[in-house]
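Per-chain numbering from 1; labels A, B, C, D and E assigned in written order.
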Amino acid sequence: MTNSGALLPVIILAALVLVFGVIIVFGTGLLGPKNTSKDPASQKVKNMPYECGLPGTEMADTKISIKFYLTAILFILFDIEIIFMYPWAIKFLDSIQDGTGGYMLGVMGVFVLLFVVGLIWEVKSKALDWN
Amino acid sequence: MSLSLNDILFYFLAGVAVLSALGVILQSNPIYCALSLALTMVSVAGLFASLSAWFVAGVQLIVYAGAVLVLFVMVLMLFDTKTEKRAFSKGIVSGFFKIVSAAMIFAIAGGAASMSGDARFSKLTGVVSATQSTKDLADLLFKKYLFSFEAMGALLLFIAIGAVALSRIQGGTHAD
Amino acid sequence: MPTSAVVVDSISSVGLNHYLILSAILFSLGVVGVLMRRNIIVILMSIELMLNAVNIAFVAFSRYLQNMDGQAMVFFVMTIAAAEAAVGLALATTIFKKFREVNIRYFEHLKG
Amino acid sequence: MGKDVFEITVNILKMFVIFLMMVQAVPILVWLERRGSAFIQNRLGPNRVGPLGLLQLAADAVKFLFKEEFVPRQGVRFMYFFAPIMAMIPGALSFASLPLSVPIKIEPFQMLGQMWGPYTFAFQGYDLGIGIVFVLGISSLGVYSLLMAGWGSSNKYSLMGAVRASAQAISYELALSLSLVGILIVYGTFSFNEIVAAQTGPLTFRAFGAEHVISWLPNWGVFYQPLGAILFFSATFAEANRLPFDLPEAEGELVAGFHTEYAGFKLLMFFIGEYGHMMVASALLATFYLGGYNIPGVMPEDVLAFWQGVVGGNLASILTAVTFHLSLLLRIALLLWIFIQVRWTLPRFRYDQLMNLGWKSMLPWALFNVCVTALWVWFGHK
Amino acid sequence: MASSKAEFLFAILILAPLLGFVANGLRWKSKNYMLAGTIATAAAGISFISALAIVMRLFGEGAPKAVTADFFQWISIAGLEVPVSFVIDHISALMVLVVTGVGTLIHLFSIGYMSHDERPTKYFAYLNLFLFNMLLLILGENLVLMFVGWEGVGLCSYLLIGFWFTDKEKAAAGMKAFVTNRIGDAGFLLGMFMLFITFGSLGFSEIISKVAGLAAETGWTGPITLAALFLFVGATGKSAQIPLYVWLPDAMAGPTPVSALIHAATMVTAGVYMIVRLSPLFILAPNAMMVIAIVGAATAVMAATIGLTQFDIKKVLAYSTVSQLGYMFLACGVGAFGAAMFHLVTHAFFKALMFLGSGSVIHGMHEEQDIRKMGGLAKYMPLTHLTFFVGWIAIIGLPPFAGFFSKDEILWFAFSSPHGSVWLWLAGFVGAACTAFYMTRLMALTFWGKPRFDEHHTHPHEAGPSMAIPLVVLAILSAVGGFMGIPHVIGEILPGHPGNWLEHWLHGFIAVPAGETHGSAVMEWILMGLSVSIAGLSAITAYFFYVKEPAVVERVKNRMGRLHTLVYNKYFVDEIYFAKIIDPIVNGSKALWAFVDVNFIDRATFVAGDLVKGIGSTARTLQSGNLQQYALFIALGVVGFLAFLFELRASLGKLLMQAFGG
């Protein structure tokens, strides 16, 4: 069994969860009582998004500040830098055994330095401040 | 055609990938495009796994599916996107040319690939655990591609600074 | 069960070509997406799609040729893709701030 | 999946068992939470339905099944429905990849007039070589359910809540993955089995070029990575939106955050997702830092011999696996109790404090931790 | 030592007028005519004296044949050696004395004449410049220097004719003179080229030494004949012969002293002087000589007839000059180069005299030039009348005045010379008759008869001393000038047998036509008698016509009718020129412009412009700013590249085969 088969249980489990979810979601739909009242007003009110009783305001002007989008970008960049650390981390122990530990340390030192500089700049540039 | 487990897996994942790719370009609501792209990413990660490139599959999941697409979805929400009335660019003739050029690219690449004989994957030699393959990758990364590795670090730094600067631009060129 | 010794089983009929053809399909779909769509974000997504197609080809060849260079390249392609997405979306936001709508046509205003 | 029918069926059954474990965890935990919070607040928890109120949740489950179904008016229907399902996937998939106990060896036995050969079943959903990276990947998918719920319910406040929750999840995922780097450096491998295997026996570590053995301490990861453990543990709180970090759901106008519009079983699914995430977090913590299913000072062979004596045959190896599994469950329960305990003691963070903590303190500390471990390991082995 | 002294003298001779020009030129605005006049006259005087000093060297035994002066090497390119060097031999000695002598007198006369002008200094500057150029022309040792002088005098004649350029007509006259001269100069240049090609050098001495041995050419296209003809064309331009004489009558628009100096004495004779210096060359081209003779005779007769009907005093004199030049060319044509030089000198004297006379008349009559409004001026201007009277007798050729000797010599040679013929003599004879008639008419209408002007209003007065002196000197010269070249026939019968000094003087330098002369001494006497009698006869008839019976003139004029109008309008030559040459060229070019230029050249440029714009616009559409269009081009590029990489044909074929082949 080439090890690509190892994926099968993952897919089976995922399928299982999906099936279970779908059954329940539509199950409650079927089982539960229907909102049979024809009166459009009650339909409207009942389906209105829950605003602690306040009349629902339009979705249109939901303005999400740039901060979130900025965090997402920084997340990607730092995430990739962390991902680059993984192979290094794995290799580090072996490289110490075969004597190239210092070299690996140096290389990662530079990389981490860049990471830190990036982080410091972000902090200094108040990109991460949530007011 | 003896369909071994592996083949089923490949065709399933390939099917999902192609369908979701189609979804990406055909959906009129950009959010759905993003989600179908996420599905593509996951299926591609699966394909990597089927090629026993475990670490890269994991990275694909984390970086692409987990980070880039989250950014896409978040930006789309930022833009309060609605279903686009005209999703495709105007111009029938240019449209025709575009389709033709894409088809040609596929025809040539596909043709070349199919023509190059039936390259079978040789069986894996010896025990290849994900950790071991990652170690080989690390070896390669820090010996042969050291410079590009550091360059990547630098690039990410600059992008971080650039993105922040870009998002802070107040007036555009046509600050009307 | 990857750790078990090499288990001889029927050599899977799926070869390098299948992966390459898949990669070609995804790439062409990406090209169509870039050319046809009007929304900048969707164009960026199609570009990501094309990059993924390239990644598949890389990994397929790396598996076929039994050396890890392909996977290293995939790494770098991913970084570039992430960087590109970040900058692309930064541009898209500036366009959105200016024109309240994200449409590739607005880049024409930068024609100058 | 397996050579013959029996093995395949067993494996598939395993998937079901693991998923049910996760689903069943919710009522137990909810009950525990209610009783726990009552105990902390010096009041009685639910005790009407069944002994000590244990059946309370069963009743709730049935109630949820029959609640009325309704959808917010302009909601994006597909996303509204798919979000709860998506919430469950990360928890299930990552929990299945964890080694829960020692593998069970079954000698050949007679059943249905056919001899079934020897099997060894791994007491684990599936063993992917890249355990850690897989778990991180899957957990990063969790953000989608938040965003989809927020956008699907087309409720301005739920959207705000979803975006805030995802931003928070993202920020702490950074700290999480950095703290894992520490583990990678120490153990030098991705797969959980190897990590757990490495944590047997007394604490032995190399420092200043010599090998030191402290016999009375088990060889757990926490002693190698104390700071890493703390960072990991607090990061998981944020990932699961647990109390100190559950701002998006609790703020005044955000009401219940991204799942405001949900009711009935869909809400329950979100809880399954949340508690699943908590279970995975504590299981990971146990695996990395608390020696997984290893009972300190006790070797699997002894336990097997003991059960051989008592029961004998295949049942013995099954029972040994169960004992080790119970030891793991004990640690997970302990950690879960801490989760609940923290919920009712720590006050909630303001959002900017939360994000500052994530970016400006946890991330640097994680980085510091990585550097220290690297230097420590390097000096140790020089 | 002698030569260095010669260089010094030559330098003074030539540079004096130049310095005069520079002095006056720098202060050309000033109105002080007295100062300007004295400077100019002094410069002319100095050059005359130094010329005299050099010429004195030539006299006496053992005196050198020629005095040369070398200054510097002007052009030395691949075979063409043009040294700036000057020579005075027997021919140029005569010429230089005439030019500087008469020039000085005319400068003196101008002081009086130009006293009322606004730009006297500029006038005198031009006069000095003219003198300088004339000296270059005469003394130049090679054709190039002569050509420089040739052009210089042309320029100065233009400047001086158009001196009062504010008057459009005078400016046009100047332009006409210049253009016609230039046409002649073109011929001159071609002649120089021919000479250079055949002889490889332009120096007079070299050419003459190379020509010495050659035989005469018979055909028309021989190099020497062609050179001779071209040079003759140059001469006709400068000396106003048949085709190119039209500018001289109009040149009268300039101030009268200018006409006297340039258009009577010096410049116009340059052509004759050039032919005489190159006589050994012309001798070898009998056909060319024949042409020169015919043109000379024709010009003489035609100009004389036109002179009969002119009413402007200066126009009459101008046509008389053209006619006399015709005689000189007739002489050269028949090979009597000595006679030509003799007539040139004598003509210079009496023509300058008459022009100055007319100048003082015009001055007196307050710029009135129409002789019909004059008459009976003898009383008012006795000295002018007297000097004019001497000039009149000289020109009609009554012995013993200068005119008689030189003209008769020409007529005789026209008859007797090997190249001559009876027809040539007859033409000359008729010309002489007309000359006598119109000169007497002129005298009658201006000086004799009743005054035809309002005496109360205009008071003609005698000219001042500065104008009187030149008149007297020239009158004496006109009277005495003839004795320079007394023909042998007369020489024998006169006591002391004076020989023909001029012939002796020019002997070595001019060529004598080979072949026998037909006609004995007796014939010479007969011809001489004929010409004197016809001159006297026509003078008396003219006197009778215009003084006694003016009415008769009207009757004769009416009877002549058409012939009179023809002659009066100068044979419509100007009109013909305009009709045949100038207008066709102008209209032709206009038509050419209208058709070719507008249709083809303009159209071509417009088309080119539009083409570029067209291409530009198509290129512009490529940069529409539409990013997806750019992306499309990229895709197409990729397709092309891939096709190239995988030789499209093979892969597509296989694909299709797979798809359909099954």
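Operating definition for what follows: contacts are C-beta pairs under 8 Å (C-beta built on N, C-alpha and C of every residue); 3 or more make two chains touch, one makes a residue touch a chain.
Computed from a prediction, not measured in an experiment: that's the story for all the values here.
Student: If we look at subunit A and subunit B, which chains touch each of them?
Tutor: Chains that touch both subunit A and subunit B, as defined above, are C, D.
Student: Fewest touch steps from subunit B to subunit E?
Tutor: Step count on the best path from subunit B to subunit E: 1.
Student: What's the farthest chain from subunit B if centres are computed as the mean of the Cα atoms?
Tutor: Here the answer is chain E, farthest from subunit B.
Student: Taking each chain's centre as the mean of its C-alpha atoms, give the chain farthest from subunit A.
Tutor: Chain centre farthest from subunit A's centre: E.
Student: Sort out for me whether A-D or C-E is joined by the greater number of C-beta contact pairs.
Tutor: Between C-E and A-D, the larger count of C-beta pairs in contact belongs to A-D.
Student: Between subunit C and subunit D, what is the gap in Å from one C-alpha centre to the other?
Tutor: Computed value for the inter-centroid distance: 32 Å.
Student: On a C-alpha centroid basis, what's the spacing between subunit A and subunit C, in Å?
Tutor: From the centre of subunit A to the centre of subunit C is 20 Å.
Student: Distance-wise, how many Å sit between the C-alpha centres of subunit D and subunit E, to the nearest whole number?
Tutor: 126
Student: Can you check how far apart subunit B and subunit C are, centre to centre, with Cα atoms defining each centre and the answer in Å?
Tutor: That pair's centroid distance is 3 Å.
Student: Provide the list of subunit A residues touching at least two other chains, using ranges where the numbers run on.
Tutor: Residues 1-3, 5-6, 8, 59, 62, 64, 66, 68-69, 72-73, 75-80, 83-84, 86, 90, 94, 115, 122 of subunit A each touch two or more of the other chains.
Student: Can you list every residue of subunit C that touches 2 or more other chains, as numbers and ranges?
Tutor: In subunit C, residues 1-3, 9, 12, 31, 35-36, 75, 78-79, 82-83, 85-86, 89-90, 93, 104, 110 touch at least two other chains, as defined above.
Student: Two or more other chains in contact with one residue: find those residues in subunit E.
Tutor: 628, 632, 635
Student: So in the complex, the part of subunit C that touches subunit A is made up of which residues?
Tutor: Of all residues in subunit C, those touching subunit A are 1-2, 4, 7, 9, 12, 75, 78-79, 82-83, 85-86, 89-90, 93.
Student: Would you mind writing out the residues of subunit B in touch with subunit A in their complex?
Tutor: Subunit B residues touching subunit A: 5-6, 9, 12, 46, 49-52, 55, 59, 62-63, 66-68, 70-71, 74-75, 77-78, 80, 123-124, 128, 131, 134-135, 137-139, 141-142, 146, 149-150, 152-154, 156-157, 159-161, 163-164, 167.
Student: Which of the residues in subunit C come into contact with subunit B in the complex?
Tutor: By the definition above, subunit C touches subunit B via 2-3, 5-6, 8-33, 35-39, 41-42, 44-46, 48-49, 52, 55-56, 59-60, 62-64, 66, 68-69, 71-72, 74-76, 78-83, 85-87, 89-94, 96-98, 102, 104, 109-110, 112.
Student: Report the residues of subunit B in contact with subunit D in the complex, numbered from low to high.
Tutor: 5, 29, 31-32, 35, 38, 42, 45, 54-55, 57-62, 65-67, 70, 73-74, 77, 129-131, 134
Student: Can you check the complex and tell me which residues of subunit B touch subunit C?
Tutor: 1-4, 6-7, 10-11, 14, 17-18, 21-22, 24-25, 30, 33-34, 37, 40-41, 44, 47-48, 51-53, 55-56, 59-60, 63-64, 67-68, 71-72, 75-76, 78-79, 81, 84, 86-89, 95, 98-99, 101-103, 105-106, 109-110, 113-114, 116, 118-130, 133, 136-137, 139-141, 144-145, 148, 152, 155-156, 159, 162-163, 166-167, 169, 172-174
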